[in-house]
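Worksheet for the structure shown next.
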Amino acid sequence: MTGFVVVAIALFLTPAIVKAADMPPFFVIFLFSVFFWVAQASSWNVLTGFSGYFSFGQGAWFGIGVYAVAVLTGKHGWSFIAALPMAGFLALVAGLGLGLVVFRLRRLTGEIFALTTLAIAFVLAALARLVPAIDGGTGIFMTGTPIPEFLGEFNTAMYRMTLTIMLLAVLASYLTYSSRLGWGLFSIRDDESVAGGLGIPVFRYKMIALGINAFFAGLMGGVWSLRIGFVTVDEVFNIRVPLFVILMSVLGGLGHWMGPVVGAVIIFTLSDRLNSAGLTDVNQIIIGSLLVVLALAVKDGIYGRMRDRWLTTLITFFGVMVVTAIFDLTGSLISDFAIAMVTTVVVLMVPDRLWGRIRGRGGPDREEGPPVGIEAMTGSGP
Amino acid sequence: MGLLAQGIATGILIGGLYALMSLGISLSWGALKIINLAHFSFILLSAYLVYQITISFGVDPLLTTGVVLPLFFVFGALMQMFFHRFKVDEFKSLIVTFGVFIILQSMMQSIWSADFRTIAPDLNIYRSSSIRIAGVALPIPSLMAFLAAVLIAVAMSVLLSRTYFGKAVRAVAQDAEMARAFGVDTKRVAVLLSGLSAVFSALAGVFIAVGQQIFPGLAVSWFGIVFPVVILGGLGHTVGTLTAGVIVGVAYGVAAVMWAPLAAPLVTFLILIAALLFRPHGLLTSRSVA
Amino acid sequence: MTAHRWRYLAILTSLAMVLAACGGDGEGSDTTAPDTSNTTEAPTDTTEGPTDTTVPMTDTTGDASGDPIRIGGTLALTGFLAATGVIHEAVGKVFVERINSQGGLLGRPVEWVLLDDESLPENAAAAYERLITEDEVDLVIGPYGTGNITSAMAVAERYGYVFPHHTASLTYAYNYACHFSSWSTGLHPNITNPNLVYDAIESSGNTPETIGFVINEFPGTMFIAYGQEGTDEGGAVAQAEERGYDVVLDVTFPTAITDWAPIAAQVADADPDFLYIGGLGVNASQLITAMEAIDYSPSGMFTQWPAPGPLLDTEGADGIMSVTIFEEHPPFTDDPEAVEVASLIHDALADAGVPYTKVETQAAASWTAWEYLQQAAEGAGSLDQQAMCDWLIDNGVSTLFHGDIEFFPDEQNYFEDLSKIKQIQDGDWFVVYPEEFAAPDKSVVYPRG
Amino acid sequence: MSLLTVTDVSKRFGGVVALDGVSMTMGEGEILGLVGPNGSGKSTLINVLSGFYPTDRGTVVFGGEDTTGAPAHKLAALGIARTYQIPRPFGTMTPRENIAVSYMFGHSRHSLEGARDAAQEWLDFTGLAGVADIGIEELTLHQLKFLELARALATQPNLLLLDEVLAGLNPSEINESVEMIRRIHAQGITILIVEHVVRAVTALSDRLVVLNQGAVIAEGEPEAVMSNPAVVTAYLGDRGRRA
C-alpha cells in the first residue's frame, strides 16, 4: 500500500521533472496514453481475469463514456467536469443492466457470454447511428471543449485526469484482488456452483466485478473523448479497445492485478515505438505473432515469469536501461525503456527447461520458493 | 408491396451468402471447440486469390475454385494439426486465431494495397446479371451463393447424420476423450473437418470476389453479420446456420426497406440477443452437431 | 522439441522488435536536437527550435545540403481510410523527391517523417504530438480524413504550427488562424457543391422533376447533403427542393454497410429522374451493381467522393457524375509541368500497387497542400511558423492543379469553391462542367444514354 | 428437536421423476444414512438440500426456518455444507487456499486476514498439512476426498451433507475416513451421509433412510431397515427375497 502511494506521488511529480530535466514533452503524452490502457486493461481484468467471464464489452463501456461526455458537453452545453462523472455512471448503469439479465441465466457463460457482450457493443453503435440525439452520423467535435484551469493546459490536464483514474482503477483491482471479494471471484472462475455451495454470493459478486469494469472503462472513455477530438461511431465503437485490453491482459497475465498493468505498458510502448519508427505493418504482424506465441508458450503471462525470475528481470532490465542510457544509443528515454523492456521479455520467454539448463541445473527455474495456486499464477497474493 | 417482395427475395439470397460465410466458423466451433477467427481472413484471402488468378490469366472467376478450394482445404487441415499439436482449447483458440487474423490481414494489405479491387466486367459476366421471377429480380452472384449454401448445408447434414465420418464428428463434438476411448481417430476427424470448414469459407470468398469490390477493411465488417448467424443457427448445426443466415438476411433487408438501413444492424443484433437469452443453443435446438 | 522451436520463434520475434525499435529511433536521433524545453510554452517559442536549424551549415556541399528540413505528418496507411490514404502517400513521396532533386527547400534537403494513424483520430493526435515535441519536425502537413485532420489540427494549433491539409469536409468547424485547406470546396460546400451539380444537370437542357438521395452516414457526406447540424442552412436536399425538384427518396446508410440490395430496391421503387449518391469510396459502385442486379438503372446519377477506378470498372456506371479538381485532359493538361507531375504520380501509384493511377481530386488536393508548405517557407524565407502563416494569408499560393489561390481570413482561410463536375463517358472520366473546363467537345449528358 | 424437516419434496427432470414426495426429518446431532440403488434419487436429494436444484413441490425447513428454494449460498450461510462425489476443488488454488476460501465464506464469515493460518486447523484435522501448499493436480484421490471434507468443515456448518465420500477408496482408506467422520460428528455436527458402501453406513449411522425410484421405502434402525424385504427387493430384485 505504501508502495502504491509512493508510485502515485512519483507519477504526479513526473511532469514537473520532465520539464526540469528538459526531456521532450512527448514523454508526458506518452505516459497518459499508457495510463489510459493500464486503466482499461485493469478494469477488464477485474471481471474477466478474476471471475473468468470473458468479456468483449470493453468497447461498449468505453463508448458509452465517450458519448456521454461528447453529447452532454457538445449538445447540451454541460461543462466537461460536470459531464465526466456521468460517463462513469452511465457505463455503470449499462453494465449492471446487462448483468441483471445475463447473470440470472445460468447457461449464459463461456463464449456465449463473451458474444453477448460483443453484441452489446454492436447494438450501441447502431443506436448511436440511428438516434440524432446521440450522434446520428454527424459526429461531435470535442476539440473546442474547455477544460477547467486548475487542471492546467491540455496535456497536463489529460495527464492528471488519466493518472487519477488509472490509479483508482488499479487500486480497485488491487483491493478486489486482496479481499474476500477477489477470492470469491477466483472461486467463481474455478467452479461457480461449488463457490455457491460454499456460501459465496455468486450473483452479487459477478455484478460487482462487472460494475467495477464498466465504471472505470466508461470514466476513462469520458476523458478520452477529449483526445479523440472528433467523436464518431466508427472510431468509438470499433473492436480495437476490447481486443487490445485482451491482448494486454493475456500477455501480462490474467488473474493478478499486476498482470494487465505490465501487459499494457509493454504492448503500448512497443506499438508506440514501432509506429514512431513508421513500422505499423510490422507492428501489426509482431502483435499478431505475440498473441499466438504467448497464448501457446507463456502460460501465466509475462508477470508470472517476472515473479519466478525476479532477479533476472531486475538485472536485465536495469542493465540494458543503464547501457542504452550511458551510450545514448537512441536519444530517447522512451526508446531506451522500450529496448530494456523487450530484452527482458525475450529473456523471460526462454522456456523453463532450457532456462534450468542455462542456470546449470535441470528442472524449472525458481529464484524463490516455488509458489503454487493463486501464488503461482499471480505472485504473492494478499 | 413489390418493394417488400424484392427486399425479402434479395434478403433470402444474401442470407445464403451469410450462411456460407458462417458455416466454417460454426462447424469448427461446434465440433472442434475452436473459435476460428482466421476464417474471416480465409474468406477475404480466397476472394483476393480469385481476383488475382482471374485478372492474371483472364479466366472465368468460377474456374479458379479448382485451385483455390483445395488450397484452403490444406490451410484448414494444417491449422487444425497445429491446434492439435498445442492442445489449443476454446479460450486459447480465440486469442491464437485472432493473432493469425491480424497477421493475415496486414499481409493481404501489403500484397494488394489498401485500395479497392474489382474484377473488370469483361472477365466477370456474373456481377450485375440477374433473372426475374414474378417481377422479382434475383441477382446471379447471390443466387449462386444461395444455391451453394443450400447444397452444402444439406450435404453436410446428411454426411454428419448418416456416415461413419459424421458419427465420428458427433462423437468428438460431444466428448473428444470418450470418442478417443472408443477408438475414433479424433485427430484425423478434426483435421478433415477443419479442412472442409476452410473450403466453405473459401467458397464464400469466391462469391464475394464475383459479387463485389474487395479491400482489406472488408473482413472486420463481417464480424457483425457472421457471429449472429453462427449463434442463431446453433454451433455446428449446418441446416440451422442456413436458416439463421436467411433470417438475418431477410431481417436486414426488410428492416432496411421498411425502416432505415441504419436500423438493419440494430434489428439483427436484437434478434441475436433475444436468441442468446431464450435459445442459446440455436434455433433448431440441438446441442450436438447435425 | 517442436514446442521449443515455437518458443524460440517467440524469441526471434522479440529480437525483431528490438531491431525495429532501434531502427526507428535511429531515424529520430540523427537530427540536431535544439533546446526542447521551449516547445511546450507559447506558440512563438515553438518556432525557435526550427528557426535555429535554418542557420547555414558549415559543410555546405552540393545544391541541397545541410541538415534536412523535416516535415512531419500521418496518413491513414491502414484502417478503413487506407484505400485513399495510399494515394496521398504516393503523391507526398513524389513531391519530396522532386523538391530534393530541384535543390531542396531553402537550400536544404527535405525529409518526410510519415507515420501511420491507422485511420484513428486519437492516433493522429498522438502522432502529431510526438512529431512536434519529440521528433521536433520543422513543419507539419495534415493527415487524411476529416476526423484525423480535426484532431491533428488541434495539436498543430496548440504548438502554433502552420497546418496545410487536403481533405477535411466539415469546413465550418475549422477556426485555427494558420490552417490552410487545399481542397477546392470553399467554406460552404453544403451550398456551393449541390448547386454546382444541379447547374451541371440543367446545363444539359433537361431538368429532373424528381430526385432521390442515398446518403452515407459519414460526417462529410451528411454535411453536404443536409447542411450543418443545428443550422438549417444549405444541404443538397434543401436546395433540390428550392429548385422545385420533387424529393421522392431520402435514405441514409451506415458507413460499414454490407448489403446493398434493400437500398437498390428502394431506389428502383421510387424511380427518381436523378439519383444523388452521397457516397464514399466504392459506395456508388456497390449501389449501381445492386441496382443492375435488379435490372434498374436511373437516368441520371451523381456521387460525392468515389474511388474513381472501381467506378470505371462498374457495369452501368456510364454517365455517372462526380466532383473533381483536375482531370488528365485539356484544358488541364495544357500546362506541361502538370503533365510531367501527373506522369510521376502515375508511376508512384503503380509502384504502390494502386490499380487506378490517374490524377484527380485526392492527388491534386494532396499535391496542392505540399505546395502551400513549399511556397510559404520560400516566401517567408525561413521556417518561422508565424511568418509562414502570415505570408500565406498575405500572398496566397500559385498552385499547379488549382491555379492561383487566395486565402480569405474572414472565410476561415478558405478560398472560393473551385470544384468541377466530371462524368463517365464511354469508359472514362471527363470534366463536363463548367464549360470553360470541359474536355474538348464534351458536355453534360443527361439523361444518360 | 429436528434440525432439518423435508416435507413431500418432488423433483422431475423432463419426464423423469427424480424425487417423488420425499419426506424426512433429521434430529440435531444425529448421523443419518441415506441409501438406495443407483438412480434412486440420493444425489438429487443432496442437490435439493444444498440449494443446487429448486424443488418442484414440497417444503424444506432448516433450523426452524423455511428454506424452500433458497439459493445455495444462503443455505451455506445458514450452516449447510456439502461434499461432492467426484471431488471438485478450486484448480488454481492450493489445498490451503481452498480451505481458506470456505473459511472466509460459508457459515463462518471471516475476513481474508488470517484465513490462511486458520486453514491450518482443518489441514491438521484431515492430515493434509503435508500437502497444504502444493498444486491440486499433485493430490491423490484419497487426499482430494479429504480436502472436500476439510473445505466443508471450514465453513463451520451445523449440517454436513456427505455425497459418497467413501466411493473409490480402498478398505484402509475407508476405515480412516469412517474414523474421521466419527470425529467430525463428535464435534456436534449433524451429518447426512449418502453411501453405496452399505457396511460403512450401517456402521456409522444412527438411522437409515432408503430411497427407491425417488420415494422413501424404509426408515429406521440400520439393522431393521437392511432386513426390510422392500429394501432387499430394491437392492437385489425378487431373487434376493426368495433366497
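Labels A, B, C and D are assigned to the chains in the order they are written; within every chain, residues are numbered from 1.
Rule of thumb we're sticking to: a contact is a pair of C-beta atoms (placed from the backbone, for glycine too) under 8 Å apart; a residue touches a chain by one contact, two chains touch by 3 or more.
These numbers were taken from a predicted model, which means no experiment stands behind them.
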{"item": "Subunit D and subunit C - chains in contact with each", "value": "A"}
{"item": "Among all chain pairs, the one with the most C-beta contacts", "value": "A-C"}
{"item": "Chain whose average C-alpha position is farthest from subunit A's own", "value": "D"}
{"item": "Between subunit D and subunit A, distance of the C-alpha-averaged centres to the nearest whole Å", "value": "43"}
{"item": "Subunit A and subunit C, separation of their C-alpha mean positions in angstrom", "value": "35"}
{"item": "Whole-Å gap between the CA centroids of subunit A and subunit B", "value": "33"}
{"item": "Of all residues in subunit A, the ones touching two or more other chains", "value": "126, 129, 137, 281, 284, 289-290, 296"}
{"item": "Residues within subunit D bordering two or more other chains", "value": "none"}
{"item": "Multi-chain contact residues (two or more partners), subunit C", "value": "3, 6, 77-78, 80, 217, 252, 254, 256"}
{"item": "Complete list of chain pairs which touch one another", "value": "A-B, A-C, A-D, B-C"}
{"item": "Subunit A residues touching subunit B - in the complex, by the definition given at the top", "value": "54, 101, 105, 107-108, 110-112, 114-116, 118-120, 122-123, 125-127, 129-130, 137, 238-239, 243, 246-247, 250, 281, 284-285, 287-292, 295-296"}
{"item": "Contacting residues of subunit A [partner subunit D, same complex]", "value": "178-180, 183-184, 186-187, 189-191, 193-194, 196-203, 255, 372-377, 382"}
{"item": "Interfacial residue positions of subunit C with respect to subunit A in the complex", "value": "3-4, 6-7, 9-11, 13-18, 20-25, 27-29, 33, 35-37, 39-40, 77-78, 80, 113-116, 118, 120-123, 125-127, 129-130, 133-136, 146-147, 150-151, 153-154, 158, 170, 173, 217-219, 222-223, 229, 252, 254-256"}
{"item": "For the subunit B and subunit C complex, residues of the former touching the latter", "value": "2-3, 6-7, 10-11, 13-14, 85-86, 106, 109, 111-118, 120-121, 127-130, 132, 137, 139-142, 211-213, 215-217, 221-222, 224-225, 249, 252-254, 256-257, 260-262, 264-265"}
{"item": "Subunit B residues within the subunit A interface of the complex", "value": "29, 35, 86, 88, 90-92, 94-96, 98-103, 105-107, 109-110, 220, 223-224, 227-228, 231, 260, 262-263, 265-266, 269-270, 272-273, 276-277, 280"}
